[in-house]
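There are structures below to look over.
Below are two complexes that have subunit A in common, paired first with subunit B and then with subunit C.
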Partner chain A sequence: MKITKLATTLLAASILTISTATVFAQSAQEQGLAISQESIARDNGWVDMLASMTMVLRNKQGQESIREIRMKTLEVAGDGDKSLSIFDKPRDVKGTAFLSFSHNVGADDQWLYLPALKRVKRIASRNKSGPFMGSEFSFEDLASFEIEKYQYKFIEEQPCDLGECFVVEQYPTDKYSGYTRRLVWIDKAEYRMIKVEFYDRKNSLLKTLTSHDYKQYNGKFWRPSLMKMVNHQNQKSTDLKWENYRFGNGLSAADFNKNTLKRAR
Partner chain B sequence: MRERIYNFALNRPWLVLLLAIVLVFGTAYGAKNLVFKGDYKVFFSDENPQLLDFEAMQEIYAKSDNAVFILDPKNGDVFTPENLTAIHWLTTESWQIPYSTRVDSIANFQHTIAEGDDLIVEDLVLDPQVLTDADMPRIKQIATNDLLLLNKVVSATGHITIVNITLQLPGLDPISEIPEVADKVRKIQAEFEAKFPNFNVQLTGMVMMNTAFSETSISDSSTLVPAMFGIVLLTMMLLLRSFSGTFATLVVIIFSIAGTMGAVGWMGFYLTGPSVSAPTMIMTLAVADCIHILTSYYYEMRQGKPKKDALLYSLQVNFKPILLTSVTTAIGFLSMNFSDSPPFRDLGNMVAIGVMLAFVFAITVFPALLMVLPVKASKVTPNDHNGMMEKFAEFVIAKRKILLPGTAVIIVIIASFLPQNKLDDNFVEYFDTTVPFRSATDFMEANLSGLSLIEVSIDSKVSSGINDPKFLKTVGDFSDWLRAMPETDHVSTISDVLKRLNRNMHGDDDEYYRLPEERELSAQYLLLYEMSLPYGLDLNNQLNVDKSSTRVVGTFKNLSSSQQITIETNMYAWFAANAPDYKVNIASPTLMFAHIGQRNINSMLIGTTVALILISLLLAFALRSVRYGFISLLPNLIPASIGFGLWYFMDGQVGLALSVVAGMTLGIVVDDTVHFLSKYKHAIDHYGKSSEEAVKYAFSSVGRALWITTLVLVAGFMVLAQSSFKLNGDMGLLTAVTIAVALIVDFLFLPPLLMMLDGKKTTNPTSVEEQTENLNIAKGTAE
Partner chain C sequence: MKKIVLLAIGSGLLTQPVIASENYFEANLKVSTEFTFYPQKGKFKGQDYHANLSLALSPDFYWEWNDQQDSLTFEPFFRKDQHDSSRSHADIRELNWVHLSDNWELRTGLRKVFWGVTEFQNLVDVINQKDPVEGLNNEHKLGQPMINYSVVNDWGIVDLFLLPGFREQTYPSTDGRLRASIPVEDVLTTYESSREDKHIDLAARWSHSFDVYDIGVHWFKGTDRTPKYQAVTHNDNLVLKAHYQQIEQVGIDLQATVDSWLYKGEVIYQDNSTENYWATQVGFEYTFYGIQESATDLGVLLEAGYDQRGITADALMQNDIGIGARLAFNDAQSSSLLAGVIHDLDYHGNSFSLEAERRLGDNWKASIEARIFSPGSSNDPSNIFDKDDYFKITFDRYF
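Up next, the complex of A and B:
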């Protein structure tokens, strides 16, 4: 972190002294990448995680709808994480389980177990940009953050809710992404994602995500207790409440396959 | 008081002119606040129940404003690799349209197939670069058989397709938002045409309709207003042969229009399709005042009076009739305040203001200008015309025994067709066929589907209730019922999605193309499906957040209002009979327009009645006779009745715009009656003439003035009738017809009627006071 800070200072100095556009652009990209790498590095080594989430969906008229999901996630070195989600609410999807192998590049592998059909179905789709369970979160928004998924550009430093923040622009590399870019606020102290603005395909502001009540687990891993997503275009919003984060549960790849999917409760 | 106004105008013409210029230009500055609102929603008041229903529905689901590219490949087949490449390009590019939230085409259609236990969800045209001729039959087969696409996005034969863009207009600034979208749509169209010349591209959709509202109005004001000026100038020059008189009239017209537009600008009005015709109407009505003053003025000049005396005399005799006719005209236009549609209230108020301003300018600025302008007395001798009028009067008197029953029968026969007019407000037909939006929409209707949508929200009243098999069966049955109607082009329904998914879940076995039988199955299929859809192509436009209600959207041929209302009524009846437990809401812009005509007719009936009562009271008061006040009802009411009767033969469809015509014309046609009756009564009261002689007197004194003003008015409204904005065009045409009919009624029906009613009566001389009053009115247009 000290290195980064030093780099930042040096960079700021170099911007002031050598103010040529090319140097600036290059440096901004490098710096954006460096900040993002640091945020990943700081979250490394959590191995596995259990958590439950409650989604509260609201439309423009304020009508609400609740979704409840339990999640198991396995950290995968060198690729996207593996996750298993079990749906508890609404009642008619209770027991439905979703297995996802996220990949740095290309389509994810996805399976869904449908208890009503008693079958596992593989979803062959490049789409990760649609709404997750009708919410304002897309699967893309919930998937694990990997360096290869974006290109980066440092914008500026700004005061934010948790002190000072880096503002970094991220450009998705997946051509099936629903966004042209994301604007991300990362706090300088702990490299947590404080706020994200999502810009749609025509580069208009679509949604804003804010993460609240960060807590540290196992003395290292910061997780938010509440994520609020507001869609500026249709005035709908979704609150995502996280509870019962548990790390180091001794999960392995064997807990994340088609067979465990069927047995997931 | 009056004398002081004239004297001031005549003695201090420059001061009056200066004051007027300062006041008018100060007021006219307010016109900078006037902006044009092209949004179709301006036609509906905030409390319009259909608008409220529709807005509530849009808040639950997604907005349904759209723009449509209609693609007509020159080779007659959408399904070639080149053409699909073009459609793919256009689909991708359409995401760049401002406020777009969804793009639907055959290229990005989310096709689902089953392969073993895999559910494959992908764009129908995923990568145009690898398309070959061999892929075409498969793609065509899928596209032309899917109920979501067939007859909505692609025609059954595959010769026409559309790219539909759904927009989420924030509505914060409709004045800039709509042109912003339209500009981008046209830019993409131009680029597409340059890149892919093997397509004909046309544009339609609600946003293009809104654009057509403003563009048609703008093009109208750049053609119709100059045309109107031309006609006024020509008429004035021909009839009066005076440059000064024409020029002074022109100034009064310009001042009246500038003053009105400025005043309403300050008052916070905005312009709309109907209200942009206000300047044309004000112009037409302002001319009449000036003609009356000028004719008296020139007459006196020819009698050898000096300029100032001639003007003073003209003002004295014309003040009261001009005031009276201006007030009645204003009342007629003010009756439009009863309209259910705000643009027509605005139009009525603007013209009423304009007419009153024209009156003020006609008695101040007009004489002041004439004072300072060089004038030579016209050489035209009106006697030729008077001779003609007298011959005409003799004819009417001689044939009165035939004319009265004859005209009465004709009136009754024509008026009896009035109820035959069909009530109709089809917003597509607000534009004539020269407007690209109209021709594009007609083309789409002929080849694919209409632009009429009816949205039906079915609420189970239970969270996740849409997955209930009983509910789904209702939605499915309703959709089938709707689809079976001959007027239906397309039905978009969640039941089709679930049938398709059920088939996919059973290895694409057609046997399973039916609704899932368990609640959990439907819920889990939808969960699966939703997780595999891309941005913008989700189900949120069909389902609410709680999955307790769903929206079924029917697309229909461009139907008449009554047909649409019948469909709406039948829909409610279907639910009452088949599923009374669910809460059903039906709404759409199409239905809003379908109802506005009826609502407007009901409210305008009240407005017209109020105007009629006020105007009749005013007439009875001005003529100082209840008897003639009652008689005047006939020539005042007959023109609109005949006008609407004739309309049955000319067009036969009555809607929003025409429902205001009766009230509007009432104030204008009353002028003819008031002039004729006052002269007639004057002759009887003042000169003790017989009924026949009084008719002759009335003809020779006002006959000419009446037909000249009628000519100007008819010409003016006929100019408006040329509008490619058919809403205004029809209004202009029917008003012109009504005004022309009014003159015929006043010339052929009223005199025989008066002679019959008064024939056996002995005349009693009235008081001196009353005679003088009547003299003033009578002399008004005597020349």
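Up next, the complex of A and C:
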């Protein structure tokens, strides 16, 4: 009798423990999702954006190499953004342009314009984890953030450079992602991404991205002026400086096709 | 660009749809120094050397005005070659004015146009005359005079071309390597059209991207870019006479981009006064991303070319298989390597090629190109290149 009662108590206790754990797990996932959704909601409605980026690549010895790219981006409601990137440096790829239609679900559509041949090439977008222009940023690091691209888990709240931050873990849903997870610090006041840790396919810390000098544009949209990516495994780093952010330029889908790609300067 | 942006900010135009109207000008220059080594002396008279030095200048100038609605591009080209007097040449690759409107643009002047999807040859790429003295890969083209109206619709882009004026193909001189056994004599060139090189050619193309597909359909009517040859005696020498026919051609190019696969195909049907035929180039490219846990991508290519005319065809791949491997190291120097072989199923000959390139510092690029010709049976047309295996290194300096 006693034994039965004990067993029942233990069983009840264990059920209670499991259900508590489940409740916690669900709420952590929901909370992580909610924070990420809020960060997207706060950045909605920018319509279109022009910006220039300068990348400074540094190898282990500290040798630098420069990339200069100008970007036009169009916000697409209910789907990923459309973007046109024009390469100014290094000089041997000057005039090369890249057109991308990203999608929330499924492969992105991407074309590359090679000015020497005047050739437009449709390229496979499957290469998410590859380096962008030899930098420590991969293609997926530079892609637009869409809710469907990750699953979420809230970890904790922590003090950070911009006050208090949410720490959220994000698990890529794309099987071709180079990461098992990203650990993201988002500030509680404005939902800006302050820091991201990237964990490789073996779940070892690969890179850390920190975003600096956030400025607000059009009274709403926060953008960093500097992003620093440090690779802990190969000791290389890339600084990405953003300049000349301009919103509401009257761009439309008509500015993103093979003809505009060919004449992009 | 920076200047325009500053002006825009300064005058408070930041939120206005069109940035400040200011003229924009840009100039660039590429200087290419090329050294070629031939292990063997050539087969023909004038080819008894092993090394060749060559220098090329490729400047480009660009003007923009009228709120970016109008632009002018000027790209001349100059080469000085140590041995080949025909390769020492100048050309205007581009000199054209582009006017933009809402969904259409008008491009007027000398231009280069590329059509196609495959890698070893592009059957549908018919607008420009080739400049083969620059290299065997047909990537170099002469500027073609044109008026090109291009309109973007939801259902695709339509390009209409009016092509006044024709450019004859270039040939190496008798002192040049990689030439035919008998030289082509320019003064003997004839045309089917009584208007000769002033015949006005017409072309149209519809191209569209939907889902994983990129498709292009074209029609061309005018002077064939590839002439027919006839051996004749001229000033007591045996020479080749080029004859340019009038042709009408339709063609399709299609690529499907599925995951790591690129499926590619081009097909043409040509009708001219002596024959009609179809030809095709089909194949695929598959890429292994991040091989061996590195950043390096390995692409493998396989293509087959077929021409209905068989061995009488003047095509590069009349019945050939091309196999290639492309390595992209994705490093800061953008190092890459492309190795390929074309096997001729009719003559059982092979042509091997290797191309590699790497950026040096911020303003230099080094590239190497090597080819080995291994002709098959004695009647294989590539026998003329039998002794022309080469190794070429090029340094490009960008200003």
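We take it that the second predicted complex is superposed on the first by the 245 of 265 C-alpha atoms of A that agree within 3 Å, B and C clash if a C-alpha of one lies under 4 Å from a C-alpha of the other, contacts with A are read in each partner's own complex, and residues count from 1 in each chain.
Everything that follows uses one rule, which is that a residue touches a chain if its C-beta (ideal position, glycine included) is under 8 Å from a C-beta of that chain, and two chains touch if they have at least 3 such contacts.
As the structure is a computational prediction, the values presented were derived from the model and not from experiment.
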item: Combined model on subunit A: subunit C and subunit B, fit or clash; value: clash
item: First, second, both or neither for A:Ser65, with subunit B first and subunit C second; value: both
item: Subunit B versus subunit C as contact partner of A:Lys118, first or second or both or neither; value: second
item: Partner chain in contact with A:Arg263 - subunit B first, subunit C second, else both or neither; value: second
item: First (subunit B), second (subunit C), both or neither touched by A:Ser129; value: both
item: Touching partner for A:Ala254 - first (subunit B), second (subunit C), both, neither; value: second
item: Partner chain(s) touched by A:Gly80 [first = subunit B, second = subunit C, both, neither]; value: neither
item: Touched partner set for A:Ser204, first subunit B, second subunit C, both or neither; value: first
item: Subunit B versus subunit C as contact partner of A:Asp92, first or second or both or neither; value: both
item: Which of subunit B and subunit C A:Pro172 touches, first, second, both or neither; value: neither
item: Region of subunit C that runs into subunit B when the structures are aligned on their shared chain, from 25-33, 115-123 or 187-195; value: 115-123
item: Residues of subunit A contacting subunit B in one complex and subunit C in the other; value: 57, 59, 65, 90-93, 116-117, 119-120, 122-127, 129-131, 133-134, 176, 178
item: Subunit B contact footprint on subunit A (complex, rising order); value: 57-61, 63-65, 87, 90-93, 96, 98, 110, 112, 114-117, 119-127, 129-134, 138-139, 176, 178, 200-202, 204, 233-234, 236
item: Touching residues (chain side subunit B, partner subunit A) in the complex; value: 56, 59-60, 62-63, 95-101, 115, 117-122, 168, 170, 463-464, 467, 505, 518-525, 527-528, 530-540, 543-547
item: Contacting residues of subunit C [partner subunit A, same complex]; value: 1-2, 5, 8, 14-15, 17-19, 26, 28, 62, 64, 71, 98, 100, 102-103, 105, 112-114, 116-117, 139, 150, 152, 157, 207, 209, 212, 214, 255, 257, 259-262, 287, 289-290, 295, 297, 330-334, 359, 362-363, 365, 396, 398-399
item: Subunit A - residues contacting subunit C, complex; value: 52, 57, 59, 65-66, 70, 89-94, 107, 109, 111, 116-120, 122-127, 129-131, 133-135, 176, 178, 218, 244, 246-250, 254, 257-259, 263, 265
